Amino acid sequence: MITEGKKAIWSEYQKEIADDKFFYVRSCIRQNFFPGSEVAFLRIMRDVLKKDVYEHPCHTTCSGIGYHGDVVPVETAMTVVARQFALMTEAGYTNYVPSCITSFGLYTEILDTWHHFPEVEGKVREQLKKATGREFKIPGNLAHASDVIYKFRKEIAAKAKYKLVNKNTGEPLKVVDHIGCHYAKMFPSKGVGGAEYPYVLTGMVEEWGGQIVDYPERRHCCGFGFRQYLVQANRGFSVACSKEKFESMEPFKPDMIITNCPGCPMFLDRWQYVINEMEGKKYGQNGEGIPVFTYEEVAGLVLGYDPWDLGLQMHQTDCEPVLDKIGIEYAPADKYKLDVKTPSSKSHNLISV
Amino acid sequence: MEKFGFTISKIRQIDYDSNDRSIADYIYEREPSFRLCIECGGCSATCTTGNYTNFSLRELHILIKRGENSQVIENLKKCMLCGKCILVCPRGVNTRNIVILARQAFQKSDSYAI
Amino acid sequence: MQFDPFVIPFNIGLYFILFYVVFRCVIWFRGLSRPDKLRLQRGFFGNAFVLSLKEIFLESLLHKKILKTNIRLGYMHMSLAFGWFLLIFFGTIEADIFGTKHLNAPYKAIFFRYFNPEHGRMGFEAAYGFLMDLILAFILSGLILAISKRFYSRVVGMKKTTKLKLSDKIALTSLWLIFPSRLLAESFTSGTYGNGSFLTGTLGSWLASFLPAQQMAYPFWLLYSLSLGTFFVLLPVTRYMHIPAELFLIFMRNCGIKTGDKSGTYTEVQTYSCSSCGICIDACQLNFSAGITNIQPAYLMKAIRNNDDVSEIANNCLLCGRCDQKCPVGIELSPIRMIQRRVGDNENVFTNIYKGYFRKRLHNIPEKSNGQLSYNFLPVTDPEKVDVLYFAGCMTHLTPSIKNSMVKILDASGVKYKFIDEQGGVCCGRPLMLAGMDKEARELINYNSQLFWKSGAHTLVTSCPICYKVFKESYYLGVEVLHHSQFIKSQIEEGSLKMNFLRKKVVYHTPCDLGRGSGVYDEPRFVLKHVSRLEKSKFDDENSLCCGGSLANLKLSSGKKYKIAQDTAAELTKGNPEILATACPLCKKTLSSATETRVADISEIVAEALIVTSVKRNINKQVSSIRELANI
Amino acid sequence: MSKHVVVIGAGVAGLEAAGRLSKAGFYVSLLEKEVKTGGHLNDWYKLFPDRRNSSEVKHYLDKLTLNDGIKILSGTTIEKFSKRKSHFSIITDKGNEIIADAVVVATGFDLFKSARKEEYGYGIYDNVITSAELEGMFRNDKIALCNGKIPGAIGIVHCVGSRDEKVGNLYCSKLCCVTAVKQAIEICEHLPESKVFCFYMDMRMGGAHYEELYREAQEKWGVNFIRGKVSEAGETINNRLVIKVEDTLAGRPLKMELDMLVLMAGMEMSDGGKKIAGISGLNTGENRFFSAADPHYGSNISNIKGVFYAGTCTAPMNITETISHARAAVSEVMDYLKDVN
């Protein structure tokens, strides 16, 4: 591996990410999968980085899940997206930050379509106006939430309580990064580091003390693939996809996986359990699975948030091995307690946003 | 597995390194013209069996070379050895002998039941 | 002086070989099938025995067939075999007449001069001695040829000579030593006693003039005895086993026993009867055109005798039948080769005597087939009822002009026919048989047979000699099977086909499967003579060459096939014919690529010459109408 | 007084044109941006299809241009290019002005920059190299991995940067297939124990004796040809490369590990050529090569009267074609200068 070569590519794929005043839109599925993540994002942005992040109570799905699941036509998706933009415009924001990778991909795709076919944009404006009476402006800056964390990775590092380092050996943790397919594969220039060697998560991990593992199947889909998972008959393909990734990363003995997409951590996490149930195979060390995290969870951990506060108890593959390696303090007994006294005084924020 | 309602699908990918290519080696050693195929498909086009079934000598060659042997065994016995393929082959591949050698190789090998 | 220890090696050898041959014959006899045993018993008391004696004399001793093919090689074999026979025959008489008593042990005849050193000074004795010297000289002349053949095979007119294994080499050396040592032993004895005839006497007195002849004689008598003994003892494990085996073979053949499709006593006797004379090597096109010199029948026989893996040898053969035609021993070489090709059917693998004959024969029980059909995908069809079926064959479909010509001829002949494989048919099964896969072939045979029977046809015409042979031999169709040359001939004779004479110079290439394979020689010639100026060639009929394209060879590379085709085409076109005619689509395709001369199937030439009456009728009509017009 | 012709670029085409022009009695200035003349010939060890040493051609060209009538200005680039009446004024980076009666543009090609095909990991994975680098290994008689070990399995990827909309090159570079076959054979000659796999989209063996070379590679050297474009390469923990390709003839995706991956970089309009096009107003086509006045009978003629093209600055060509094209350019120059005073 020639690191200089990668750095050259990373330097070519840099994108503009706004500094403040973000209009944040949520993912439709993440709150079920890993409910702590989006909350942690807001908390880090507002409390740690002191940024203005606005969430509109009326925002909806972007309909990307339906679009990629072949049930929502593109014109419909465009109109839904236009409404989201209208909400942003009305709130007086221009920096649009979606939480979901598929949303980010869809927004990018739609903006690019409108750029090349202004008549489509015109039609959508007309439809939105007719249907809701709303009007919108094109966002001044579109960045995925992970782009934003990437941008502030150094600030987070500066305030970090923990590093992604094995406290016993002093060696950096080996981290597999998995980028959602819709992040940059469709529009490599819109992702930090491009599509082949994305830097967005690598940048965070390296900044926070970890070491990235480059394994052959890093480009491979997590197995969600929308149609693959959503149709039960196809789920065998979904698991097979994840399995191929695990088999490919296994020789590198990774300590953890970090992801930036709603679906990926879900499938990389749950399918490890399913594969173990079906075939009795685990891919981590010491007979464990490989813990899977969202980037918000990892940011939260290094900033010293309580693991159960971040919702790590929702993971099917136990995350304790990583917590132990880093030396994060946690109360095992509190893992599944509903009424938890969190060490953070502002814990109420987590629920009330 | 019953409990999930689905099983882990088999990967369609040819795993070249872990496939058993001993059948191909057996043929290479005894029929050097096996190397000469350029996959033009002339043999498959003239093939009597190919007219009735999905048997394709061209594909068979490539599957043997890649070590996808289970797929080969299924089809091997359909060949009538009539030899039309030899007459149309632009590279002078001794196609009949390859079929015969493949059968032989499978028979000699303990790992396959033919 | 009735016995001397030096005769012991000879005695051991002689009694060993006599016992062995009897023993072996008993085993062979026991290995025969019941009908074959009966044939042999009947033959023993019938004509076959007398015929065999005659054949043994002509072939095993005189080597008439080899003499016909190659006079020098024949002389070599004759001088050794017949000369030795005469030496034993007259030696025995000599010992009987001139010895101390009658009915002597064999060694007394063989070493007569040793035991009777004073014998043969004058009169009848001297004359008899002259005869014995003459016979010895006869043998020695052949021996000189044999030795030269080993070192330089052209001496006896052979291009290739067979390669030997170690036991063969020892046996050969002892064989070579027998007669020179006898010559020297007798000469020294004669030299000592001052007798002997023109050869031993002259040589003896000359040797005695500067050597201590008396002391020298004994070692040579011992050498003579040793060589004979060694030769006899080694006989069963060398190619010289052919000497006794051939006798048994001739008798079996005369009793009507034939090579079946499995190996057994008869094939075993045949393999042992091969003397490795090498005539098959000379006849083989793979040898003289393609430079392949390790697969000819002599090598196959040797490999079978040695229990070697023969699959590479067995499959690398055109099965053109040229060697069968030439084998002086009359071994059915191609059928034996076919037996070796049959997969899993080698239950009678030979065991050699020195590997222990009492070891049980290897019984490779062929795997029980799982009853699964290979070709169950073939569609069932219902052909219309017709008189004549035309089956073009796979190869004909790749030479469409033959197909089209046949359609033209069949149309013109007026027979009610159906082109049964017009849309592409199913293989006749012979290619599978040639690869030794009879079970699979049987499936195709059944499929095609059903098809033919359903049509109700009484005649089946095919353009392909490969199909023709299998239809005739393995189909049991119960209908008349004709090659198209035969069909055309019958139509010409019936007057249904009218043809112009083309005045073209034509040479005919006999396809192997049609000629030597099926014995069809005259019909194609008849047809060609009818429409063209058919010229003779050096390679007509039984002596025809193979085009090289034979489906029987599973191993031959395309380049070598091409070499054979080129040589064959070059031979046949030496007289610059306008057309190189053949009667096989595969021959046509193979030869076309190898020569500039036009290669055409008989059917194409006939179609070219054909006067289509319907067209003629139309012309007549037109002419008459013009006449009518003129009249008006 | 003899006319003055400037030849831009001293590769195969430029040297041939200069030599021929000089023989025809013109005074020739040969400009070359590099220090050495010979262009890509210097990077190549042996030539297809006869595997002759490239130095033989270089030697021929050097002999042809060893002539008082030719002034070779190496290490020189052009900053300004203008036409005044029938004369051309060329100002070099050293500030000198050259006045010419005619100009032959022979700026040649650049090899496609393989790092642009990010998925193959050139410049990122240790043992992904280009065809040119492999030539260098042949020249040094040492084919080895970064760690000095002998590669056991070597993959050759055809069409890198050619026939690829993703990098903006729709055209076929025409010579990479035969180069791949030649290099595959040379690898086998050097490393008889190693296995070589060629991954191709189509085998375009159009030139004389190319197809025979392809056959030799299969028959004599046992080179494996797999039809399919390699989609990605990765690195295993053992520092081997994993490639993914569809074996399009088997209709199945295929994965295999290799020790070395050789990228058959295609031919692109050279940077030097692009610069000349920029300052002179010479037309370039969709493929970014110089576009000639007529593809059939005017392949040497440019849109500026008196400026002619020679060689691969117009399209990918092999050496034979390049030399012929350069000679044709000379004949065009002679025709042109006959009429100009």
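The letters A, B, C and D name the chains in turn, as written, and every chain counts its residues from 1.
One rule holds for everything that comes next: contacts are C-beta pairs under 8 Å (C-beta built on N, C-alpha and C of every residue); 3 or more make two chains touch, one makes a residue touch a chain.
Values in this document were obtained by computation on a predicted structure and should not be read as measured data.
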item	value
Set of chains adjacent to chain A and to chain B	D
Most central chain, Cα average position	B
Geometric centre distance via CA averages, chain D-chain A, whole Å	45
Whole-Å gap separating chain A and chain C, where each centre is the average of the chain's CA atoms	83
Between chain D and chain C, distance of the C-alpha-averaged centres to the nearest whole Å	63
Mean-CA-position distance for chain D and chain B (Å)	40
Touching two or more other chains - residue numbers and ranges from chain C	none
Touching pairs - complete list by chain label	A-B, A-D, B-C, B-D
Chain B partner contacts - residues on chain D that touch it in the complex	203, 215, 218-219, 222, 224-225, 227, 244, 247, 249-257
Residues of chain B defined as touching chain A within the complex	1, 3-11
Interfacial residue positions of chain A with respect to chain D in the complex	1-2, 4-6, 8-9, 194-197, 214-219, 248, 251-252
Chain B to chain C touching residues, read off their complex	30-33, 46, 48-49, 51-53, 77-78, 80-84, 86-89, 92-94, 96-97, 100, 103-104, 107
List of chain B residues in touch with chain D within their complex	12-17, 28, 32, 35-36, 38-39, 58-59, 62-63, 65-66, 68, 91
